[in-house]
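Given below, in the form of structure tokens, are the structures.
Below are two complexes that have chain A in common, paired first with chain B and then with chain C.
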Partner chain A sequence: MSSFTPYTYFQCPCTEASLPNHRNPSQEEPSSSDDDRTFDPRAPRANYSLYPLEHLFYCEDCHQIRCPRCVLDEIVTWYCPNCLFEVPSSSVKAEGNRCTRSCFQCPVCIAPLSVSSLEAPPTGLGYEYAPQNGPFVLNCGYCSWSSKETGIEFEKPNGIFAQLARVKNGGEPILTAKERKKDRERKRDFSGTSAEKEREETPEVEIPREPLDPNEKLDPESQFSNLKAFYQGQLAEASPASALGFTGDYGYGSPGALSRIMGLYTGSTAFDKKVKAKAGTMREAQDALEGLQLTTISEEEEALTKLRTEGWHCTSSASQRAEFLNTNAQFITELRPVAYLLRTKRSKRCRTCRHILSKPESKVSTIRFRIRLVALNYIPSISIKPLQPTSSASSLLQPMRPVQFLLTFKNPLFDSVKVTLATPTKTPGRFASKVTVLCPQFEVGANTDAWDEALREGTGEKRRTKAEASEGQHQAEAGKVWERGRNWVSVVVEVVPASLHIGGPEFLKNEEMKDDEGPLKEDEDVCEIPVFVRVEWEADAAHDESGLGGGGSKEKDVREKRELAYWCVLGVGRIAKV
Partner chain B sequence: MSKKSVKGEYIETDTGNKVSRRSQIIGTTNIILGGKTVIQAEVIIRGDLLRTYPTSTAGEKQGNPVAVAIGRYCFFSRGCELRPPGKLYKGQFSHYPLKITDHVFIGPGSIVEAALIGSHVNIGANCVVGKFAIIKDYVRILDGTVVPPNMVIPSFSIVAGRPGRVVGEIAEGEVDGMDLREVYRAVGNH
Partner chain C sequence: MSSKRASMMPPAPKPPTSLSSSLVIAEHASLTGTKLITLGSNTVIHPRSKLSSAYAPITIGNSCIISERSQIGIQNEPDEEEADPVVIEDGVIIEVGAVVEGKRIGEGSVIEVNAKVGRGAVLGKHCKIGPLCEVAEGEVLPDYTVLFGNGMRRIDNSGVEDLKMKMVARQVEVLRKLIPSKIAKFQ
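Right, the complex of A and B next:
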């Protein structure tokens, strides 16, 4: 069995606050039951509120823990994770959330693609100064996929995104949206009589009224742009050109749309008629030019024969299709290099007071934070280690045999804190282990600067505490702190692990066991102890108002009592199966 | 080393490096150690894989060529291997220097052929970091990851999988825990 590392998770109070409101907003919960209620780390909801201390923030305005669920993210910078170039938000809006330079991921395995030349390397005198010539291809260094497999080659080694946008798999050029638009407009200008001539010029583009060429296959982007153009045209035709001259955009502000909306409510027949008349004029897309793609039998047969000859391996997997924007790509040969999704740097705000909890520097290359209010700097951390070093080979807890653990509380604050611990006598769940905190109330000394610490280390303060501990207590004593340092305190908690025996006499079973006598579930053998931690300290009240100036110095002496209480879960170990 | 004549596991250098006697360091003249770095047993560092391709800038300093540059407070666990990456460029194969900055932890059995590893990077056990990978600061690579060649991993990423992909972000509070000073102090010489 894999080794078990003890863990401590903290519960964010945001779930606590929302819980009663969801259940019964009108009925007030009696405070006594609220006090009795213990936190069950095995409850399905608990998963969403427990975090390691490192993931939590502390809001200085609300004086409360904030978890990733109760903060608001704000994007500071967009950047490409591959070339680390910052992308301005305007171009993110215009060009989408992908890198538009030369950063691509392999469509097969998502590893980064690198550009390489197909030409043989230059030789002879001064070869190192000779420029590399095309054609260039994208190569995957992980799975050896190459864009050559799908027939894509590039003329230049840079600006791959723009080059890729112009070429289909197989090397045929793609008409860009602009060119398509031009074509469409031209089509409208010419009547059906000049169709022959037009066809010679642009063989790919279909002409209305002619039967659809089955070979004309649009790629998803151009199909979308065609469809969009078609529907926009339809809407423009259908919407009444109002007196003010609004056409096309069909916004709610246009008088035509407004009158239609009004008609919905008043039910006036005059409008009804009008609407019905309009609906009649709308039609659906009829050909490729308008964005209609018909599936032909020959296409299906092609796919079938390909499946038959090349087998399962030539098809694309679901994850590959998900990565690729076109989810219709059935075969690996239809996949195209995927441009890197942009990543963001985000600042975080408290949801309740909008106070900024974390704000990184906006530059991509810097890793500093302007503001970083992490719970680590406000809440005493809890570390767990067994009191008796486990000499036996198995690190498992033996059922029904008491074990003692040392909980070390380390105070990050520059004020000393009073800590009060509370645990249920038995852990919740089917296998209830008995828990006793030998010293539930203690004070942890204040933290000092790192410089002070370094100076004081020489005086041997740490050693003194250790010596004290070793000479004084060999046995953990109730009500006494086990070991104490400058800003840390260790207390002993005794656990009598439950037996993982399912059957057994009726009187030994607890309620939950009677309800469910199924076999042992996953991780049910982990002994988790819910602990309610209450931290009290006195902080400088002037600290908050220091920004206001004025009477800051006068109020410096005023100490403000602070209190913070939260649930923690200590995972101490796995219980051995007998 | 001179002070402690008793043979311990580690050779301690003047700058505080702790180098295991059972490590294999090849081409020591081409390796720079910034100090306070721990190199455990069976670690292989290939300082002999030097750059052979001529540098484009003519004004290169005449000194020892560097194949592996390592910063301060790095920790190389048992059995990991550091090799400078190599590639064919314009018909000539050459290795390029491997640069590792400060507070970099590399887990047991991992093979690293990166071009650059930023500070506070934690690479788990049995990972492969492909050729010319660039890993920025505050990155955690989970056990068994294969980072594909040429991959760039931005700061505050958690990477896992084969091939490696960014699966998460380092939380703001985790940043402090990636300092390796305590780890260095905990390494005893016995």
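Right, the complex of A and C next:
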């Protein structure tokens, strides 16, 4: 059995707020029912609101815990994780979210690829300074994949992204978007002069570079751009010049579309009718020039023979295809180096008041934060450990045998806080363990400077804890704190774990057991205790008030009463199976 | 006969060796055992590398690099018959902490950090055994096999092995300047 580490999860109140809390029309009812309601950590919804304290923020303006669900993310910078180059958001929009320098991942094993020369390194005097000359390849230091295997070589060792965009696997050049457009236009002009509708293939004698073959095999990029161009053309032909006189681009943002949408409201239907009448003339792509790719039998046969001769090892795995943009790549030889995905640095805002909760330094190389309001600095942390050290090998809780746990509350605030704990007497769920907090109310000291404390009353403090400790095996007493330090307090909670027995006499069963007598579910043997924590303290009045004018010093003395209440879940251990 | 008893004796008995004069062998390399250890020319034996010929002879070719804490040779007593001798061909790099008990390590192969080549395994030419990868006992790998990750393997078609061999030779030249050789100690 794997060992169990006790945990504490905090519930973010945002889930409460989203519930229709005050559905009761009567005024006195809701408050009492709210207080009575016990948070059930086993409820399916609870999964989405429980977080370790380290994952939570604290909004200083709302005075509330904020979880990843109730913050807004804002991208501060985009950067490449490999070269740490900061990419401006404009180029992210224009060129996509991948590094456009020379950062690539191995298509076989995802390790970073390095650029190396195929030539022997220069030798002789001063060879360190002699420039390496090409051809260059990308190769993987981990699985020793090389772009040479797929027939890709580069002339220069830098700007690999741009160079790679121009070659197909095998070394044939790819037409750039511009060239493709030119080709299409040339083709259209040609066919336009010969015949209006007919798109027969005509050999272009004057340009030997690109014989436009209607059954040409296109790479995914060219296919996409051909298709896009084709449909744009179709849309432009189908819709007449708009009210503003624009033709061509018929995206949703275009003036034509806009005026049409406006027309819906103004009731001018004439325009719509025109569009409808024209809609019939749209057709589908017919050849490679328009982005249509037909799978031929010979291709399939080629693939089959390849499978037969080279076997399973020459095919690409699903994860390799997922990493790669073209999911049609059946064989390893069709894979291409994968440019690194850009990462982001994000700042987080409170969803309610829009104040910034976390803001990293925008420079990529620094890991500092400008603003970081984490809950860890505002909320007492809770750690759990068993009071009696478990000597036995099994760390499981024995059913029906009381165990005591030490809950240590550590106060991060510079003011002392009053903590009130409330737990249901029985844990929710089918197996109800009994829970008793021996000291439900106590005060935790301020998080002052450790040295200050030592100078002021260090000796007295020490003696007190020491005296308690020297008593040794003293019993945990109700209403008394177990141990106390500068900014921490330990209290004892006693748990009588339930028996994991299913069935048995009817009168012993609780409601949930009566409803469901199925076998033990996953993690149902974990003893989880919901605890309602109320923290009260007095703090300096809000900063924005004290910052205004001369009244600052006077208002410093004004103490503000603060209160924070939230549910926590303590996972104390697994109950042994009977 | 066990290596334990041998190490307890004040002057450890030297195994019979056949060393090339152009060999680079560090003073703190450890050559133990009773069978013949043959080391070829321009091979580099790093300090604290362990070559043990207690159960079978070891032959290492030319221009090999044997790194620190690597263990070459059959490590524990063979069960029945005589263990196969360990033969490492030319231009092989054995990285830090690798354990090599194989029958034949083909020319230009690389055994990466903490990788293991089991007893009697045969590696073809220019194989690469990735970090922490293991070749089972008696396994035969064809030429250009690359083992990496969690038991994944592929055949390397990049065709840059000549270049790699050249790089090994250069690496040996650099190491020759860095590691003071003490051939006399082992002869």
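Everything that follows uses one rule, which is that the second predicted complex is superposed on the first by the 471 of 578 C-alpha atoms of A that agree within 3 Å, B and C clash if a C-alpha of one lies under 4 Å from a C-alpha of the other, contacts with A are read in each partner's own complex, and residues count from 1 in each chain.
Note that in this section a residue touches a chain if its C-beta (ideal position, glycine included) is under 8 Å from a C-beta of that chain, and two chains touch if they have at least 3 such contacts.
Note that the coordinates shown come from a computational prediction; the quantities given were computed from them, not determined experimentally.
Enquirer: Should A:369 be classified as contacting the first partner (chain B), the second (chain C), both, or neither?
Expert: first
Enquirer: Let me test your reading of the model: by the given contact rule, A:88 touches which partner, first (chain B), second (chain C), both or neither?
Expert: neither
Enquirer: Going by the contact rule set out at the top, does A:146 touch chain B (first), chain C (second), both, or neither?
Expert: In the superposition, A:146 contacts chain C only.
Enquirer: Quick one: classify A:171 as touching chain B (first), chain C (second), both or neither.
Expert: neither
Enquirer: Quick check for you: in the superposed arrangement, does A:118 touch first (chain B), second (chain C), both or neither?
Expert: second
Enquirer: Which of the two partners, first being chain B and second being chain C, lies in contact with A:108: first, second, both, or neither?
Expert: A:108 sits against chain C, while chain B stays out of touch.
Enquirer: Report for A:313: first if it touches chain B alone, second if chain C alone, otherwise both or neither.
Expert: In the superposed model, A:313 contacts chain C only, not chain B.
Enquirer: Going by the contact rule set out at the top, does A:159 touch chain B (first), chain C (second), both, or neither?
Expert: neither
Enquirer: Identify which of chain B and chain C touches the larger number of residues of chain A.
Expert: B
Enquirer: Share the list of chain A residues that count as touching for chain B in one structure and for chain C in the other.
Expert: Residues common to the chain A contacts of chain C and of chain B are 109, 121, 142-143, listed in rising order.
Enquirer: Where on chain B is chain A touching in the complex?
Expert: Contacts found on chain B: 53-54, 56, 90-92, 130-131, 136-138, 146, 148-157, 163, 165-166, 171-177.
Enquirer: Residue numbers of chain A touching chain C in their complex, please.
Expert: So the residues of chain A in touch with chain C come to 108-109, 118, 120-121, 137, 139, 142-146, 148-149, 313, 332.
Enquirer: What residues of chain C sit close enough to touch chain A in their complex?
Expert: Listed in rising order, the residues of chain C that touch chain A are 128, 130, 146, 148-149, 152-160, 163, 166-167, 170.
Enquirer: Using the touch rule from the top, collect the residues of chain A that touch chain B in their complex.
Expert: 53-57, 68, 79, 81-84, 109-112, 114, 121-123, 127-128, 130, 132, 140-143, 343, 348, 358, 364, 367, 369, 372, 374-376
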